[in-house]
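Chains: A, B, C, D, E and F, in written order; residue numbering restarts at 1 for each.
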Amino acid sequence: MLHTINKSPFERNSLDSCLRLSVKGSPILLIEDGVLAATRGTSVSDKMATAMNDHPMFVMGPDLQARGIAGDSVADGITVIDYGGFVDLVVEHGTVQSWL
Amino acid sequence: MLHTINKSPFERNSLDSCLRLSVKGSPILLIEDGVLAATRGTSVSDKMATAMNDHPMFVMGPDLQARGIAGDSVADGITVIDYGGFVDLVVEHGTVQSWL
Amino acid sequence: MAETEIEFDTAGITKKFMYVNRKAPYGTIYALEVLEAVLISAAFEQHACIVFIDDGVYQIKKGQNTDAVNMKNFSKTYGIIAMEKEDADEDEDMDMVWRIIVEKESMEARGLTADDFVIDVEVIASTELAAIMAEQEIVISG
Amino acid sequence: MAETEIEFDTAGITKKFMYVNRKAPYGTIYALEVLEAVLISAAFEQHACIVFIDDGVYQIKKGQNTDAVNMKNFSKTYGIIAMEKEDADEDEDMDMVWRIIVEKESMEARGLTADDFVIDVEVIASTELAAIMAEQEIVISG
Amino acid sequence: MKFGILVNEGPFTHQASDSAYHFVKAAIEKGHQVMRVFFYYDGVYNANKLSAPQSDDRNLVKMWGELGSEHNVDLVVCIAAALRRGIVEDNLADGFRISGLGQLTEVGIAADRLVVFGD
Amino acid sequence: MKFGILVNEGPFTHQASDSAYHFVKAAIEKGHQVMRVFFYYDGVYNANKLSAPQSDDRNLVKMWGELGSEHNVDLVVCIAAALRRGIVEDNLADGFRISGLGQLTEVGIAADRLVVFGD
């Protein structure tokens, strides 16, 4: 199962709920305002680092670019992908759970 | 200045931002999903109790009723009002800051 | 001009659908429209897990009275879902499993108990619910 | 049928308007449409405090490139606001004070500094910003 | 006292328009004047006359139009927000008019209070 | 692989419809089939043919219609959600059709994957 999060971790509880309700090993993809969780040096960086012990973490490059977040601001261990990469993740991991 | 909060304190950061950016003594009115902050015995009850040391706290009765929250579930010290009471608060306290 | 109706062949296929409700009722309409989606899936005889997480648990809170906000009170409709579940449970010819689940942590954080709900639910802890979620084939969230 | 245009008398009145931006850009359109409201208020020669709080600070982040999401990049429009502010600052005949403010706590929680923004801003701590907010006559949030 | 109102959301997905409606009604009942309700962002959808809610649900488009006519409340739909969203004279409900964003600033200046309802 | 898509929000206020569009486009480019995009909740506003975005902005209503026609993607607007919001045959954009909510369940069953985009 692939989990997608499209909300800012500073504004909403989507990331928390996803982490509480996803099994170990299932990948998480940050899209739209959800990409704000991917930058290094923020108040949610520690939470993200812990999450990445249990979950492969991906982030949408086009959404990072729109928000002016340079590639070198993205925390280590997070894979930047594009829409094609999103499609591949869905194909590979089966059911998608969108944390709306 | 009257502050209104229309978002659930469990889902969003509106209550936190309001508390950080409102001067002592300014009243806070909980409306719509914001009324969920008013019930006793929740994970935000302590935060609300602290907030009420600095802010008169009001809650929209019609929104409580819609969500099935009985009057006796509302924490002590919060005043339940209706739309007319909302109007009176706006008249009395001047500018309204809606924490959307 | 109305376009031609298109139909896909779904005969004999039963999938595991999960409906995830995470939003409070009335502040937004999502609760009502997810409910309509759940009801329609019964006609297709699909498996359904209806789960209430986070503020979604308020959707099935007892005692909702929308007179003063003048909005449609849809909490009674959950009774229809409970009936659909009973039908699915009782009819041995029908391969259709329905579950209505509340996440324990979300319920407790809001000071609620299973007695507060308009329908019978399974109260399940997050780790177990995560495992159930991972088995689903379709997850619809609103 | 178009209705008659209605106008209110606003001659000679200058009020303190505050525009509160708390949402990230692009995920929702609020940032863009608040910006349009700020620009129009300049024509009325009103005081304006444009404040960026919470995820609103990302609205003025440098380096926004929307080519791949194919949405309108409106971050350059903030330059027009900065110009309006300069006009207000320089014209002594005009009683119009404009301020562009970022809340310090919000900026720091997101690992940003004043150098990260497309326009010059005042970085102000929450307690002081609360006092400024309390003096406003109109607060528009989107 | 004179009120101005800003509605940022449409008539179904969020409660904002409902809350604004009840606020305006209560203000009028208390003898206040509501000079103008300005519909911005998705709020412009409140003026879509083709809206047909279920028979057991409220019809905010109609309710706003009637409240406006009965109590002389100026219901203004922002032209820029409306064009984007496909609200034009052809599908504009009775009681509403389409005008510029300046009308929001104007009511902010002219009214004693501006109250914002949104998401 | 066969995809179904659910879009829960309109073409301006949230990015959901944009993300869904780019996902569908990328899936088709990779040789997958997108059987149906189902527009629910405020998503029905994506089919409002009167939408006229600014000339320097994208026009998702038109983009969806063209993508649907070119690649044989069934674009279905939920009739119940559409009626409430005033989307009817008269203002339905080219390439879309209005049908029942059962079409969402149906594509969930028929497709290999259903991906939801919303708020």
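Everything that follows uses one rule, which is that contacts are C-beta pairs under 8 Å (C-beta built on N, C-alpha and C of every residue); 3 or more make two chains touch, one makes a residue touch a chain.
Given the structure is predicted, the values throughout are model-derived calculations rather than measurements.
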### Task
Moving only from a chain to one it touches, give the least number of moves from chain A to chain F.
1
#### Entry: Chains in simultaneous contact with chain A and chain D
B, F
### Message
If you average the CA coordinates per chain, which chain's centre is most distant from that of chain B?
### Response
F
### Query
Taking contacts as defined above, which has more of them, C-E or B-C?
B-C
### Task
Considering only mean CA positions as chain centres, point out the chain farthest from chain D.
C
### Query
Taking each chain's centre as the mean position of its Cα atoms, how many Å separate chain D from chain F?
33
### Task
Let me have the rounded angstrom distance from the C-alpha centre of chain B over to the C-alpha centre of chain D, please.
26
### Message
Distance between chain A and chain E based on Cα centroids, please, to the nearest Å.
### Response
38
### Query
So which stretches of chain D touch two or more other chains?
26-30, 54, 69, 71, 138-139, 141-142
### Query
Touching two or more other chains, which residues of chain B qualify?
6, 10-11, 13, 32-33, 62, 82, 94-96, 98, 100
### Query
Could you say which residues in chain F touch two or more other chains, in rising order?
8, 12-13, 15, 22, 41, 54, 57, 114, 116, 118
## Note on the structure
Chain pairs satisfying touch are A-B, A-C, A-D, A-F, B-C, B-D, B-E, C-E, C-F, D-E, D-F, E-F
### Query
Quick one: in the complex, what on chain D touches chain A?
23-28, 54-55, 58, 61-69, 71, 73, 75, 109-111
### Query
Once bound in the complex, which stretches of chain C touch chain F?
1-10, 13, 15, 17, 29-30, 33, 36-37, 40-41, 43-44, 46, 138-142
### Summary
Listed in rising order, the residues of chain E that touch chain C in the complex are 12-15, 18, 22, 54, 56-58
### chain B-facing residues of chain E, complex
1, 3, 8, 15-16, 19, 22-23, 25-27, 29-30, 32, 113-119
### Query
Considering the complex alone, what residue numbers of chain B touch chain C?
6-8, 10-11, 32-33, 36, 39-43, 45, 61-63, 65-70, 73, 82
